[in-house]
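Two complexes, one shared chain (subunit A), two partners (subunit B, subunit C).
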Partner chain A sequence: MKTLEAEVIVIGGGATGCGVLRDCTLRGIDAILIEKNDIASGTTGRNHGLLHSGARYAVRDLESATECIKENRILKKIAWHCIEPTGGLFVTLPEDDPNYHNRLLEACRFAGIDAKEISVKKALSIEPNCNPNILSAIWVPDGTIDPFRLTSANILDSIERGAHVFTHTQVERIMLKQNQVIGVQCYDKTAGEYLEIYAPIIVNASGVWGQHICKTAGIELKMFPSKGSMVIIDYRINNVVVNRCRVPSDGDIIVPGDTVSLIGTTSRKIPYDTIDELVVDDDEIDVLLSDGEKLIPNVSRARVLRAYCGVRPLIAVSGEMDGRDISRGVVLIDHKERDNVQGLITIAGGKLMTYRLMAEMTTDLIAKKLGNSKRCLTYKIPLPGSEKRVGYTKKIKYFSGIPNSVVGSTHYRHGERVHNILSLKKRNYGLICECEMVTLGEVEYAIKNLKVNDIVDLRRRTRIGMGPCQGELCAYRAAGLFTEFGDFTPDESTKLLMDFLEERFKGVKPVLWGDGLREFEFTYWIYQGLFGLGLVEDNNT
Partner chain B sequence: MIKLENISFDHCIKCTVCTIYCPVARVTHLYPGPKQSGPDTERLRIKNPELLDVSLKYCSNCKRCEIACPSDVKIADIIQTAKWRYSKKELRIRDFLLSRTDLMGTFGTLFSAIVNFFTHLGMVKYFLDVIFKIPSGRTFPNYASGTFTKWFKSVRKYQDNYADKVIYFHGCYVNYNYPQLGKDVVKVVNALGKGVIITKEKCCGVPLIANGYIKKAQSHGRHNIKVLSSALPDDKTKIVSASSSCTLALKHEYPNLLELDNSPIINNITYITQFILEEFEKGNILRLKPLSYTVAYHSPCHLERMGSAAFTIELLRKIPALTVKILHSECCGISGTYGFKNEYYGISQSVGNELFRIIDEAKPDFVVTDCETCKWQIEMNTKYKVIHPISLLAEAIE
Partner chain C sequence: MRYDCIIIGAGVAGLTAGIRCAKEGLHTAIISSGMSALHFSSGSIDLLGYRDNAVVYKPFEAIDQLTGTIAQHPYTKCGKPLIIEALLFFKQECEQQGLFLFDNGNLNHFHVTTLGTLKPTYFSQRSVFNEDVYSRFKAMKKIVIINFEGYRDFHPQLAAAQLSKHSLFANCEIVAKQIEMPQLQDDGKYPHEFRSIDIARIFEKEANIEKIADLIRLAAKDADFVVMPAVMGITNFNQIHNKLQSRTRLLVYEVPTLPPSILGMRIDNALKSRFAELGGVYIAGDKVVRADITDDVVNAIYTNSHPENPMEAQCYILSTGSFFSGGLVSEFDNMYEPIFKLKLHHEPERNKWYNQNFFHRDSHAFLQYGVLTDESLRPYDSNNNIIQNLYCSGAIMAHYNPIKEGCGSGVAISTGYKAAGQIINLLKRMS
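What follows is the complex of A and B.
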């Protein structure tokens, strides 16, 4: 059995876990991250990618709102290539309480969020697709953030600074010696082998799955999972975030995210044992589309690409069962104090927006335990890709000869790292994904540098298969490249292809109608009818 | 509110049949094809106009992609709109001159002898090539010595003898280059027992659209809609044109591309062969004498886009003793002013090669087609004379 040693083990490759890993690495702490699936494959990658200004929380939760606006400003500096500072609107519909408008303005002023009232005419000129019947509008510094890129950039930076990351590796149990944690035993699913990692400090950053992790150390930690569902519209129907000016509720926000737009979200309590098999319910889709229609009329006539859901990791601080003690803020637990288990820390709750702050709080505690006196630097050292802020125009000029759409999209996704990806060699910028302009060079870069184990991972790094065709034209090309740039046999690549198409289908299934259905039928015809992918599976078994 | 008429790209299922049928993508790797230039990158342009690919300038706007599309995506319209909406305007004298067909026509017909002499001189061609980037290999259409409208004045008084009227949109080519076709149209329409009205029309706008002068095209469009609709004596009167591209512009480009309201005239506009065939069906049949020719019929792209090629073919078949060989539908490559530009000339010629080959194979007495620019291209590249189906019909009238 392989054994490794480190000072800190971080369990969970979400934004928080990756943030802790980077913070540790920057402070010179030797850390290893373990993720059972892929980075950003849990709750981190399953939200609407809103860069909160805090306005959405301002009326009800001032503390969250102030945290948000502070982190909003930091992230715009350190991670600009993962962010679009689009701005956002809070619009009041005729059926909404008109007084909420002023309450929101007041609360924003209190929280230090630069919200300003704008005329309806101005709002409609900013967002021409918005419902023309709105009564009033407020502009806020909302934006969009890509959780996949953000997490991946944290990982990339950590690896480049010497950290180790194990994805697709499941923690089997936390090893204890009396009351002190000594390491974890885990199973590497890709290599098919067990390994033991020893470290005096273990950070449980596995979000809603943290209940299970704690259990392996004999600690009871109660999670109250709440499901949030979203639908993705085929193209970018709005250029700024459109919020409904009312107490946050289902289907009241539409966020533009890269080339698509998302309508969010619902909120439903679910039993803990269902968190790995979440499905979007039909009535959730109905609510999202009909309420989305109120903000942007005709949105339900555009193509719906997918529906998906995530689990909010709400945690019961005192361990009581009735849910009244559920906190929506950041929860940092030193299990030495709570359960007399030394060296185990749980970080949970919070939001994607506050991932850096949560990592800072956690790493401060780690540093204290290790006697490390270095200060946190994550608020000022930019993530890889965000070192320099360069506009599209300059990059397009620099790479003249390569189509603008390719240069722009690659630069958008990878920031300054575009120089490690694009070259003027014709093959390099040949398209693999035609919807999202993912080139062969980008696939090569991702497979070789970004901890990519399969096409699903590749999708999170590059947006391959995330466009209107949902993998129809790119999946088989990408699969082939895994044999060229990765260590995969053709049979293994075929398996990757099948897994990827299954994964894509999961999100498409709840919204199979209209053009999406036609597209899917065509995809099915290509892969089943033309390529005979179903037969491949039969032969293997 | 999302404007549904603007989101036809949303229906694209990436089947790529448009790119298969694209005559330009077939001959050059410089153009990535209609799927990528149209619906695919439209999503990116909506996100950020800077993501416009310069390669879409290679689109010749033949609209064969739209004919092929099973999802009713207005591919060519998306590309044309993107071209002018997002790309930076650059004023080129050549594009200005090529797109001002009426201005050039007025001048050309005034001094037709001199202009025609000079445009066929090798030296002049060389200069046009070097200075204006107009390919020296290209043969120019001749200008007529008098305009069609001037001739029409001499026959206008006879038109009042007919109770029923037809409005004839002659277009620039008939007016300045080839009035004979206009005369043939008048002869055929009169033979059907109807009088011809012509209006103070302007260029339909097709060359303006192709060269990115959208504002100008819109003002022409507005003018044409106004004069044509006010000349309409009643709802049933037809507006006919013998130019496939002019008809397409009046009927489709005005509302879809120029965002003009052509509802006062849209139901009256008919391509001339369809109009004649409908008259035949009503019992208003022309007596035709046999013409024992063998002709090869080439269907122009824009006529196919309107679905009107079938009417021309059907009409040709009504001419006794005429053998019609229907050529496999191929783009001739010239695409209006596209083939008059150095940067596209090579592509334009390569696109046409297949058509020229099958024409030679058919060994006709001459070629028949509805489009003036197809005529120039075919006459330049094959040994055959090209005539318009209406001219053939006029010849057959007893």
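What follows is the complex of A and C.
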């Protein structure tokens, strides 16, 4: 059996875990990260991608709101290529409590959020698609953030600084010697082999799955999973984030992101044993569309691209409560204090927005345990891609000869790393995914540098297959490239293609009507009708 | 302008019907809203490839079984003798335009897909499957699958791996090769613009053929057999195929690619030309939006471009396809046929429209949804009355799954042929 050693093992490749890995690495701590699927494949990648200003929490949870606005300002500096500082609106509908408007303004002032009241006319000029019957509006520094890019950038930086990352590797159990953790036993699903990693400190950053991880060390930690569903509209129908000015509830936010807009979110308590088989319920879609309609009229008549859901990792400190009532605040547990297990730390709760802060708190505790006196640097050292901010026009000029749209998209997704991706060789910038302008060069870069194991992972790094056609043509094109650039046999590539289409279908089927159904009929026609892909297994026997 | 027959939709069904009507001397118009599904097809004509998820080798025997058990299936409404007649008609009409189709008599044959799987089909173009290939299929020692550098819609290495798993090729070496075509690189175009059509255009220039043949020969010198993506020209494909084979002294064989499908475009061209040659009127780029119906008889139809000017005919054929082509429309909580508001077969709840997995063995229910018709292919309106002078054909019809059963083109040809026959008989009786 393969064995490895490190100072710290981080379990969980969401934003928090990857943030901890990077923070450790920047402080010179030798760390290894283990993720059972792909990075950002759990809760991190399954939210609405809102760069919170904190205003959504200001009225009820001042602490979270204050954390949000601080991190909002930091992330805009260290991760600008993952962010669009669009700004956001809180609008009051005729049916909403008009007093909430002033309460929100007041709370934002306390939290230090630059919220300002603007006229309805001004709001409608900022967001012409917004419901014209709104009574009042507040502008806040909301924005959008791409969780995949953010997490991937943390990983990339850590790897470049010497950290090790194992994705698609499942932790089987935490190994203990008396009351001290000594490492983990895990199974590498890609290589099909077991490995043991030894370290005196283990960070459980596996979110809602943390209950299970703790259990392998004999510790009881109770999670209250709360499901949130969202629908994706196949157009970017709003310029800025549109929030409903009321106590947070279902279907009260529409977030623009890349080429699409998202209507969020629902909140439903679910049993712990269903967290790996989440499905969006039909009535959730009905609620999201009909409430979304109130913010942006006709939104439900636009094409709906997908629906998906994530699970909030809430730890209830006392008693059971509703998903929205439990604080989204950070929970940092030193299991030495709580359970007399030395070396085990759980970091949970919080939000994507506060991942860096959570990582800092965790790493401070790690450093203390290790006797490391280095200070946290993650608030000022930019992530790979955000090293310096160069405008779109300059990049276009630099890469003249390559179509502007290709340069623009690559720069948008990878920031300064565009220089590691694009080259003037024609083959390099041939398009693989037309919807999202993903080139052969970008696919090659991702497969070789960004821990990509399959087309689903590739999608998270590049947006391949995320556009209107949902991988209709690019899925096949990309599959072939895994043989060329990765360590995959043609048969494995064919299998990746099937898996990818199944994965895309999960999000398509709850919203299978209208143009989405037409598109799916076409995709099915190609892969089942033209290719006979579903027959591959029959063919083999 | 009053026609004998107006056909709405110009896919395989509409064009087959149009050719038959025009050939009988009927004053016939076809209205086409855009490219048909042929542009996305394999270019082979599937008759009946699967029954209950098992491969069908003898399609006519399987049709006998099917018509005996599924009363609503379009094949049952056509009957085997008419299906055979329709296939022969289709083959001959294509031949008139120089498009030769191979068939294996009573048996299906298997064509190689883009991915290297084998799919049962009934007619294939000669460059796809022919007598030579057929006779040497089992004795082959080496197959070379080639692609042209820069063309992203075909991966020969995936096809080679898949094909070599098949027991037919157990003793055969199958390798993938890339060919660099200088013409592809020097065009000054961005490489992402290269689709099958761009390469087909390079093949269409006579001066290029010998050079390409030599490159193929070089890549596949010791092979029996060369497989390449279907890009051997859109119009003069017979000459190109002959030249490639004689210069390389190899069997050269095409496989379908991702769309656009050159093979499908050849059929589309052949059928359209044949229809024009017979005096048919082809109206491209217009969409029928509504109809004027009284006492269960269609008086006129109206199009997008001429919303006030009626188009009139004695009889009409509706061959607008399924959801993808716009023949059927689905909404959040509803499905309908947009022109005549015909009665549909479908489940009202949207979560019944699909199965849980993309590649579910039972396929997806919505593919079987469509218009209900009587034995003569006449549809019902929403009040359950038969519309007397309207006939349906092709993918708009209910009660069959073209992909799961591998019968899309066969149903289109048979129902198109039958719809035309109904109209011809009716008008004969009336005169």
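We adopt the following convention: the second predicted complex is superposed on the first by the 528 of 541 C-alpha atoms of A that agree within 3 Å, B and C clash if a C-alpha of one lies under 4 Å from a C-alpha of the other, contacts with A are read in each partner's own complex, and residues count from 1 in each chain.
Keep in mind that, in the parts below, contacts are C-beta pairs under 8 Å (C-beta built on N, C-alpha and C of every residue); 3 or more make two chains touch, one makes a residue touch a chain.
From a predicted model like this one, the values you see are computed outputs, not experimental measurements.
Asker: Could you look at A:I432 and tell me whether it touches subunit B, subunit C, both or neither (first, second, both, neither)?
Answerer: second
Asker: Touch test for A:T483: subunit B only (first), subunit C only (second), both, or neither?
Answerer: second
Asker: Figure out whether A:P403 sits in contact with subunit B (first) or subunit C (second), or with both, or with neither.
Answerer: Both partners, subunit B and subunit C.
Asker: Does subunit B (first) or subunit C (second) touch A:N453, or do both, or does neither?
Answerer: neither
Asker: Thinking of the overlay built on chain A, is A:L473 touched by subunit B (first), by subunit C (second), by both, or by neither?
Answerer: both
Asker: Of the two partner chains, subunit B (first) and subunit C (second), which one does A:T265 touch, if any: first, second, both, or neither?
Answerer: A:T265 sits against neither subunit B nor subunit C.
Asker: Check whether A:K509 is in contact with subunit B, with subunit C, with both or with neither, and answer first, second, both or neither.
Answerer: second
Asker: Please tell me which partner, subunit B or subunit C, touches more residues of subunit A.
Answerer: C
Asker: With both complexes overlaid on chain A, does A:G529 touch subunit B (first), subunit C (second), both or neither?
Answerer: In the superposition, A:G529 touches subunit C alone.
Asker: Considering only the touch criterion stated at the top, classify A:N129 as touching first (subunit B), second (subunit C), both, or neither.
Answerer: A:N129 sits against subunit B, while subunit C stays out of touch.
Asker: Just which bits of subunit A does subunit B share with subunit C as contact spots?
Answerer: Shared contact residues on subunit A: 403, 431, 434, 473, 518, 522.
Asker: Report the residues of subunit B in contact with subunit A in the complex, numbered from low to high.
Answerer: Residues in contact with subunit A: 1-4, 7, 9-16, 32, 35-36, 40-44, 46-48, 50-55, 71.
Asker: Over in the complex, which subunit A residues touch subunit C? Could you list them?
Answerer: 282, 289, 300, 403, 426-427, 429-432, 434, 439-440, 473, 476-477, 479-480, 483, 489-491, 493-494, 498, 501-502, 504-505, 509, 512-514, 517-518, 521-522, 524-536, 539-540
Asker: Tell me, which parts of subunit C touch subunit A in their complex?
Answerer: Per the touch definition, subunit C meets subunit A at residues 37, 40-42, 113-115, 117-119, 149-150, 152-153, 155, 157-158, 160-162, 165-166, 185, 190-192, 194, 256, 258-259, 322-324, 326, 329-332, 350-351, 353-354, 356-359, 361, 363-364, 366-367, 402-403, 408.
Asker: Please name which positions on subunit A make contact with subunit B in the complex.
Answerer: 129, 131-132, 234-237, 256, 258-259, 296-299, 301-303, 392-393, 396, 403-405, 408-409, 431, 434-435, 437, 467-469, 472-473, 515, 518-519, 522
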